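Same chain, two partners: chain A is paired with chain B first, then with chain C.
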Partner chain A sequence: MNDMRILERDVDAKAIKIAARNVQVFYGDNHAIKDVDVDIEDKTVTAFIGPSGCGKSTFLRCLNRMNDTIDVCRVEGDIAIDGEDIYDKRVDPVQLRAKVGMVFQKPNPFPKSIYDNVAYGPRIHGLAQNKAELDEIVEHSLRSAAIWDEVKDRLSAPGTGLSGGQQQRLCIARAVATQPEVLLMDEPCSALDPIATAQVEELIDDLRQNFSVVIVTHSMQQAARVSQKTAFFHLGNLVEYGETGTIFTNPVDPRTESYITGRIG
Partner chain B sequence: MTDATNADLPYSEPAGVKKGSLMTQDARTRKRNAAEKRFKAYGVIAISIGMLMLLVLVYNIISRGTGAFQQTFVTLDVELSAERLDKVGNRDINDLRKVSTFGYAPLLREAFEAKVAEHGIETDLSSKDMAGILSPSAPALLRNYVLSTPSVIGETIKFEFLASGRVDGYLKDRVTRDSIAEDKNISPAQLDFVDQLLEVGFVEKRFNMNFITGADSSDARPEAAGMGVSMLGSLFMMLVVLALALPIGVAASIYLEEFAPKNWITDIIEVNISNLAAVPSIVFGILGLAVFINYMHLPNSAPLVGGLVLTLMTLPTIIISTRASLKAVPPSIRDAALGVGASKMQSVFHHVLPLAAPGILTGTIIGLAQALGETAPLLLIGMVGFIASNPPDSIASGLLDPNSAMPAQIYEWAKRSDPAFYERAWGGIIILLGFLITMNTIAVILRRRFERRW
Partner chain C sequence: MALGVTGYVILAVLALTVVAFIAAKARAKSAAGGDVRLLHSLPNYYGYNAAMFTAVPALGVLVIWLMAQPMLIENAIFDRLPDHLIEDGFSRNLMMSDVRRVAEGLDVAVSAGAMTEERADRIRTEFSDVRSILGSVGVALGSDVRPEVLSAAQQYRKSSAIGMGWMTGVVLILAALGAFVSVFVSGADFRARNVVERFVLSMLIVAASLAILTTVGIVLSMLFESLNFFRMHPWTDFFFGGQWAPNFRGNSDLSILPLLWGTLYISIVALMVAIPIGLFAAIYLSEYAGPKVRAFAKPLLEILAGIPTIVYGLFALLTVGPFLVSIFGRGEAGLLGVDWMSGATAVLTAGLVMGIMLIPFVSSLSDDIINAVPQAMRDGSLGLGSTKSETIRQVVLPAALPGIVGAVLLAASRAIGETMIVVLGAGAIAKFSLNPLEAMTTITTRIVSQLTGDTDFASPETLVAFALGLTLFVLTLGLNVLALYIVRRYREQYE
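The block that comes next holds the complex of A and B.
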């Protein structure tokens, strides 16, 4: 790990995009997330790290209410995006998810053409008035996911025919196409080889220009490489949250230090 | 360490046996291999028994049923004399109608006499007995022809009449001179006459389209019976089943699988659907009788009622297979759709349903095939034992007029006394199996063709 590089990372204070207070998540009787308070900044990559089962993915899925699809899951506390409580009764989760895009662990393109994969979101949200606008959104999305050059000649080929890394970038393009404000990524590189991982990481860094990116990762190196802020979860608790450089070089909590140095996890 | 202490060790090997050579199998391995061989042998035996049974079944069906597709015809030149058919002479249809079927019988006798004279056939038979080798339907056929085209009166026209069931059986080796010793319908002399006609080529056995397209007939005329009308009855029933069971079944499955909360109510519904699939079909029949006919006063014996009953029977099959194919769609697809902000319904209709469609279609076709072969419920709503002599002429009459269905028709033939009907029952089974095999093949092709891998 290149500690120097991390220390030099520019970490200006930015506006708070997501504010979570006192978040509790229960799966039936299981108390999966306990009292999590976290502020996620705009135009920043925030990494959630921690051992398996520590609740980092669960917390991520609270941010776009994907947990609503699980019957036994119950969320308490406040999560606000731009000051609006997303668990308010008036909030439609479908509208929320258009604003908070998500990329999953396993690349999951629709078994449709590459074009249709990207165009699906804009179509259902009515983002394009006509075919030309839609084409433009698709091209722009594919470009921002750094996959345009690879697929521009075969937009009508099925998305499932791409390689794993390409599929994941296609999924990122699909998420970007709905013009979200926050992009959630749940271990986006865990199914990818190192080369594809490097491409996706580079892409994440680019995406930071326009979005607030929250990434869950098992790889501490990855967290160190791509994020400006890091949150360490352990057994459902948010143990430590701060500048990535600080967390990796000078953690406050002994549990963080043990995890980072490989003694627990 | 001494030898004495060594011998006391519990796992010491007997002297002289080399331990663990790979060149010889030890007792355990031999036993294990023998067990494996035995198990394979059981499997081969089981499959052989199954294949043998299948072969016996297919051989039986084909050897007994193919006869029904062939029929014996007698060629006759009949002079439609104006003197007998139109005494008034003005070809008025109302006058022509006054000549009954019996009035046409003499024409056939005369035709036989003429033929015998022309070809020098020596026979002691009376002309009435000669005409006895024809199907009893022959005069009616002649009359229908004349009434439809009165202009032919006075001409001599070549007709092909069905031979009677006994004569047909004689040509198919079902009827012999011994077997008709007690038979009042035919005499050995008539069979001799048939032999003579065969020689000059006026009796011949050939493919019988009427068996596939025609209507059932009364007990006295097995040679005229066909599957066609009951096939239409089955077709209309299947249309009802498809139109009701597919949308209801798919809607129910989508709701249960994708939208319904998982609680004790849905659990009970689920258990009941599985149980419904196992309810004997005759129970659905008596339910149909009680509800659709006695309570709702829908017509007896109508394909509409049959279709409704079979819909009840097919629904569980369709629901179970649809739910299975919805379950088989990976959750990552649903996540992906929800993740880009699709609503639950959009994710189901845009992504899950198209992926599940081949499975749903396969299940539906198999459910339909099941319904097509179902007899028991039809017995209770009166779709058996009824003879529909004309094919339905409109969709409404197809749905509401009394009719039979293929399996019910087969049952009806099998319980009649004349062995000629028995042959037709087997023939009907060939047609029914043809339909079932076709439907199942379509199901398999659909599954292969549209199967997706994720």
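The block that comes next holds the complex of A and C.
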């Protein structure tokens, strides 16, 4: 792992965007997440790594209350974004999800045109006054997802007709278009080939300028390449959380070391 | 003689089958020297193989023989019947059924002991009263037996007896041959398992082709009768005329158009009821209802699909129709004080009830289709901060639309072909009208009325039923093909 750019990393302390304290998640009787405390910084890429079934995706889905859509799932503890408890009764989960965008494991463009895919969020939330503004949002979002040049001539073509990597970048553009503050990515590259993966990773690095990005990944190389902070989950526990460079070169917990050296997982 | 020759032959073949099964199994075992691991197949397979080679060819020949023999004998006898009998106004079929009836009567008389076998062969109408003899053993004949019919019946009995004798011989020889050969080959190296497998395959193919052949047969029979109809009645009047006025003295106006209008109008009313209710029910069940409600409500909704349509018809005639009349009819005494509707049978009555019948079709199919929309679509939309109903309206329904259209087309073809509800609820007047409170009639009800009661299968007024049926068949087949095509295209999108 020589490509870890430890020296380039910005190690200045930043504002805390998401603060989670004592989070427990239950699927029916199954205790999926146990006592997780984590502070996620603004304008930073935070990676969640860990073996399959360790709860990293479950925890990610707590951050925008997507777990609410699963009947048997129960979340306890406090999660605050900008100091506001998102599990408070006064918080509308629908509004919250507009603020905390999400990109999923498998590209899931809607069966609509490329333009309508990106315009979906702004239309629902009334972000554009008129067509010209909407056009602008769509173009800007597609540009920030680094896919504008590939699709600008066929915005009315169906989004499902794009290649896998293009579809995933379209989904990122769709999430960016609602102007979120946090972007959650659940294994965004696991269904993509290496070239598309590289494009998306480059994009994630750019997105850091404007958003707090949380990415769940199976690939430790990917975590090392794109993130500044890394959290290692194991069997529902947050084992270790810190600077990506430290986690990969000098882990404190023996379980973290076993995982990154390939002995468990 | 309770069983008849055929019964004994079948019993004999079955007994041979059991013997062959046991013998083949034993022979295979002894060929392996008691160690079944040396056999190619499990011992039972040798048994099954022998059993099927014994039973299937023999029983197959039996069935074909039983179907072919009466036809051949009747043809032979018919040629010998004197021509003047037929010219007397007896149709061929009536004549032959007389002959069969006398022949059966003689059989009964012999078995009851009223006459000997020899007397049955020699009896003459000139010397004895055949009708009263047969009457004494419980076979009633409509008229005195003509000498020609009696001799034909005797000929019929003789040929049948000879045929039965041959059949017994051939079937038993075939069974014995099959048993002998299959037991003989049951050695350790014989691949009984593979042979049984192929036999199973061919049985499945026979079942599938029987279903297809029956369909082809139905279509062909309708086609021939329709051609007969078009030979007697101009096709231009049938397809392009404007009047439906069957008249059994001849010279009727038989146009499909007023009936087609009634059919389509009632179907449209039915779909206007069934599509919104069915679709909303499907959306609730698939997207909102919890597992408990779903487990309870879905089967309940599908019970609607199990109600016989005649019950819906009664509901239309006795409940919905009078209810509508109390709203739209009866002048001052009615709820609205208008007199727009005179009788319980109307387009609206039949359409409403048919719509209720179609609700489970639309909802059940749409529910499956909505469930087939990947969860990732919903997650994507919810993750962007849209509500559940926004997600359903803007993502789930557009994704499911082709499938829903297919479901609606299937429901439409069901509505067009529906009979009992419209027989009871729609009325019998063929006309072009836009008023849903008037009685109208459909293709299916006219088929029923043209074929019930005294019918003469040589008049266009009766044969028109086949042309109507064929048109209906083509219409619903077209709708079904279109629906399946749309549904299939939709499925390819996600799998």
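Observations, loosely collected:
Keep this in mind: the second predicted complex is superposed on the first by the 261 of 265 C-alpha atoms of A that agree within 3 Å, B and C clash if a C-alpha of one lies under 4 Å from a C-alpha of the other, contacts with A are read in each partner's own complex, and residues count from 1 in each chain.
In this section, a residue touches a chain if its C-beta (ideal position, glycine included) is under 8 Å from a C-beta of that chain, and two chains touch if they have at least 3 such contacts.
Given the structure is predicted, the values throughout are model-derived calculations rather than measurements.
On the shared subunit chain A, the superposed partners chain B and chain C overlap sterically.
Of the two partner chains, neither chain B nor chain C is touched by A:27. Of the two partner chains placed by superposition, A:87 touches none, neither chain B nor chain C. Contact with neither chain B nor chain C is seen for A:148 once the two complexes are overlaid on the shared chain. Overlaying the two complexes on chain A leaves one chain B stretch of 3-11, 39-47, 93-101 or 111-119 clashing with chain C, which is 39-47. The contact surfaces that chain B and chain C form on chain A in the two complexes overlap at residues 64, 66, 69, 71, 94-95, 97-99, 101-102, 104, 106, 108-111, 120-121, 124-125, 160, 171, 174-175, 178.
By the touch criterion stated above, chain A contacts chain B in their complex at residues 64, 66, 69, 71, 94-95, 97-99, 101-104, 106, 108-111, 120-121, 124-125, 160, 171, 174-175, 177-178.
Interface residues of chain B facing chain A in the complex, by the touch rule stated above, are 261-262, 330, 332-343, 346, 350-351, 355, 452, 454.
Against chain A, the residues of chain C that register as touching in their complex are 290-291, 374, 376-387, 390, 394-395, 398-399, 493. Listed in rising order, the residues of chain A touching chain C in the complex are 64, 66, 69, 71, 94-99, 101-102, 104, 106, 108-112, 120-121, 124-125, 160, 171, 174-175, 178.
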